[in-house]
């Protein structure tokens, strides 16, 4: 199976009756996702796309088995929604909200760590196993991007993911599992924490990470390789090689860590353990061919 | 949202952290009465958001009225657009400490950073004497505990006479960090005076923009921004960065924009500004292009690869904007994603030549900017 | 420290929880002006700490001035020592809810207890309809989360029209629980009015005594205690319980005292009072005996088995107390623990007959109380 | 070895330079306890009873190995001291403070549970393995009470423990490990959580619990027996059989739990799983003889 989710994974939708929630529930079901129920407080008894809506996650899990929860919840209510999912023992949570307060994200990640749960996001397009299932909003209908295959992809970006993944596909590859960990300064889950899942995944031959300046996430991946916890080929594309120091290019991650995390440092870290770094999105496909001996 | 020194100090004061006596002035005419209140010697501190004010000569120690007036005039007339000066008492300092609170994304902790040698920027400290920097991780579920404060103090070699006041300042700084939804709160330098008082010599406070809805009371005024375009963008909630090159970027997504920025540099071009055309802004093409046109750029480059931000909507917006604004410079588009086929038709119908490869679009924009064909 | 209803309601009000209009009176003479302020019909609520005020007739609904005056007089002159009456508006009630916050020692949680059928004591609810009682455990590290409030409301069948106000009350009650270091904070009944307002009809608030140092503002007045001895003991920080039997207990340790209490009952005796002679009080024998002598008891029984509370110090104190106070009733001692041999000598030298077996001491005290030999 | 501590257990003393701390450190060493160091902020460089004093627990554990920490710290600073010990990875903590704020005790127990640590107390005399070692203040010099032997004792009381233990000894037995979990409404560790250690202890033949009205601690022990997690004989003495309802006899535990926990219920619970309950302290010895077939 894919990592995180496949077509069998039982997915709950928190915020299913909202405009965004119902629209993307339709799409998720359309691309194979096994949506089992939804939650919107006060809307129990309704249905969305044929799925029962419950007042709360507790009531939902009383009625149906749930393995993962997809949150379409505004940023300021995201912490509560994540804690509600954790409270019911759900260990896989995806939140696409863009604009979660920083101090909430700290508490979300802390809770996820102590519950042994994977919280993906916020500020992400979500998770997709092309051809099988999706949690989030990926343009899976664009075949030149979301073609199934054997390359794992992890990313901190949205549009750039489409850009880079299109290059992976145009080089003749496809994607096994794509995890958008999101662009927040404190994502619920970090690149390095997903690497062991790719390592164990029989459907993944190599992983592409789409990173950027700031933070230490790429360096942590290098450490995983050094520690022998990830042994498959790794190719990275990192934006921000020429970014001026101190300017914040949208994602806050760069600033919060306080001056560390130049792309130069990241390239050195990855290459020092045998990983490859593409200078341009176009080169990702070439490097994949090289590391896979094609 | 990064605040001015005087705002950070107001927050410190509210939190019970001592600050030097000070008066804020907006013109030289206010100087004399301010100086009389504070007494000489005093310090003139330009209230600008950029770092390294000392090196840039934006902080001046003055000993009398003549000296003060001369320096004050120079500051208000400097190239750094100084609108406000903090007139502050010169504290009799024994030593200077660095103290800040921020977050650590890896451990999901709050992080205290402290150093017994304050007064220089933490980035400089980190390079010059990393062994002197003390990091203490705070579990957000428990908060900063007294034993941690004591341990930090011992590791810094805080003298017994100062311990109580230092501990109080650190405890209050931590609470201010929480209460203000801060990304960073910093006192650098924290003065230890000859009378063993502990006073915040300088202050940085950066409020998390995502928490603005619960951190009211901080208004975004023109003062915070380098250019009108940045200010107007901020008022509309459109992320915007000002540079001084030739190509205006109207791009969607921070990651893709950063990449386009790199590609422009690889091709020898320069960027005039970055305006975020994605997310909730994808329907605001007219306003976005208007803001880009405020720049002295030679070309506007639009690069998107959207999902919710539909390509057809963006394409129609660009055409609409061109019709309404009649821009004086070329527009290069690379609009892809949901409904990109329809976008293609819209752009072609409007007489544009849509491109679908980012590098090709970048090359075209750079070529235009360097005087090549339109 | 258990507070009066009116104090609990003052706390509710400060916390933003709605309470009925009310005026506190200390005598019948204050009634008319209070009643004029509130308007009829109104409720006279005796401010006493005991439970079951309704059943005891300590809460009266009155319809006019004549009615009010008659009932008010009765209450002030009742056997229950009513010093204060809360004159309160009669709220137009649709339904009554039970709501409280306390701690759960097993899971180390805060615990919300709620029941859609309020107005009766929770102990009665627990026996009569346990299935209707809702328990929600709150992790003290996270606090009460909005989803939990919603879930409680759904489980209670709270109507949509009331949901927002109910949620607000529960959130505020929880914060008041934390801010007041409460052992228990309870609203019972919480009124839902015909206009869908949510109002605290009654209130209980018990402040943790160990937190008194950080919960200032609650003074221990005579009103809180049934007897002078209890009040005076409380002022000195000596645990004291008032009963109405024959044997005054001056014992060390709650567990040992409870056991002695049982043994006295087994032997057919009765307890007049329990005074904690252990812990920090072991040097206060004179004051302790003085307080015991305020009772109409027939004998004072001293039972200890101390470590830090040294037997010799206690024995010397008892002898000293007897010499100073010249008690009008016999003293039976069973003082053991650290330095018990020395204690033995001290007591014997003073002409007492020390006993070393608790049961034997109890039998002797019971025998004296029932008219046996001294 | 004994449960919790024996003469080898490396014990740190927090608050060692205080009047109480230094006095009892002397006694603890005197009865065999392996005190390795002490902590008092600002007093580093001093010695107490020949043991080095450090500024902080972190500094102490940097210098000496520590397995357990004994707190002589005032109630209002106890939470901080417990967290300081937990922060240094100490998993056995005894706090004798009487008067810890209730809301602090909740946080202490919560932290202990999440760190997998045993916090004994507050409001206790501590822990003693007679003849071997002690953490706390027991009158171990009274031989008719603190005689070594093969009976485990757990208690919520102080003086009553001396009373009951004296009866155990006068019946010809001795004590293996005595754990005073303390009289607070929210003790850091509960009776039932110690039973598995007595179950595994080769030096313990039976356990005496000294309980009282209020709370559910005795019922939890019964449940442990029912679940087969404790199989040795159990004898209980419970104070408060005749206690009037609603009066608080010193320990707050009875009230906080909200009306549950009558002695009658507790006796039923214990007897329903084969445990014995003594009506008087004097009967504890007889019941021990009975259950041990002597």
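By written order: A, B, C and D. Residues from 1 in each chain.
Convention: contacts are C-beta pairs under 8 Å (C-beta built on N, C-alpha and C of every residue); 3 or more make two chains touch, one makes a residue touch a chain.
What you see is a predicted model; the values in this text were computed from it and never measured.
Ranking all chains by how far their C-alpha centres lie from the centre of subunit A, first place goes to C.
Centroids built from CA atoms put subunit C at 55 Å from subunit A. Per-chain CA centroids place subunit A at a distance of 49 Å from subunit D.
The set of subunit C residues touching two or more other chains comprises 141-142.
The multi-chain contact residues of subunit A, meaning those touching 2 or more other chains, are 107.
In terms of inter-chain touching, the protein chains here follow a pattern that is not a line, ring, star or complete graph. The list of touching chain pairs reads A-B, A-C, B-C, B-D, C-D. Those residues of subunit A that touch subunit B in the complex are listed here as 75-76, 98-103, 106-107, 109-110, 113, 125, 137-139, 141-142, 155-163, 166, 183, 185-187, 190, 210, 212-213, 215-216, 220, 237, 239-244, 246-253, 255-260, 279-282.
Remark: subunit B residues 51, 102-103, 105-106, 108-110, 113, 122-123, 126, 139-141, 178, 181, 183-184, 206, 208-211, 213-214, 239, 241, 243, 251-259, 261-263, 265-266, 274, 276, 278-279, 304-308, 336-338, 340, 358-359 touch subunit A in the complex. The residues of subunit D lying in touch with subunit B in their complex are 41-42, 55-59, 77, 80-81, 83-84, 87, 107, 111. Those residues of subunit B that touch subunit D in the complex are listed here as 142, 145-148, 150-151, 154, 160, 163.
Residues 141-142 of subunit B touch subunit C in their complex.
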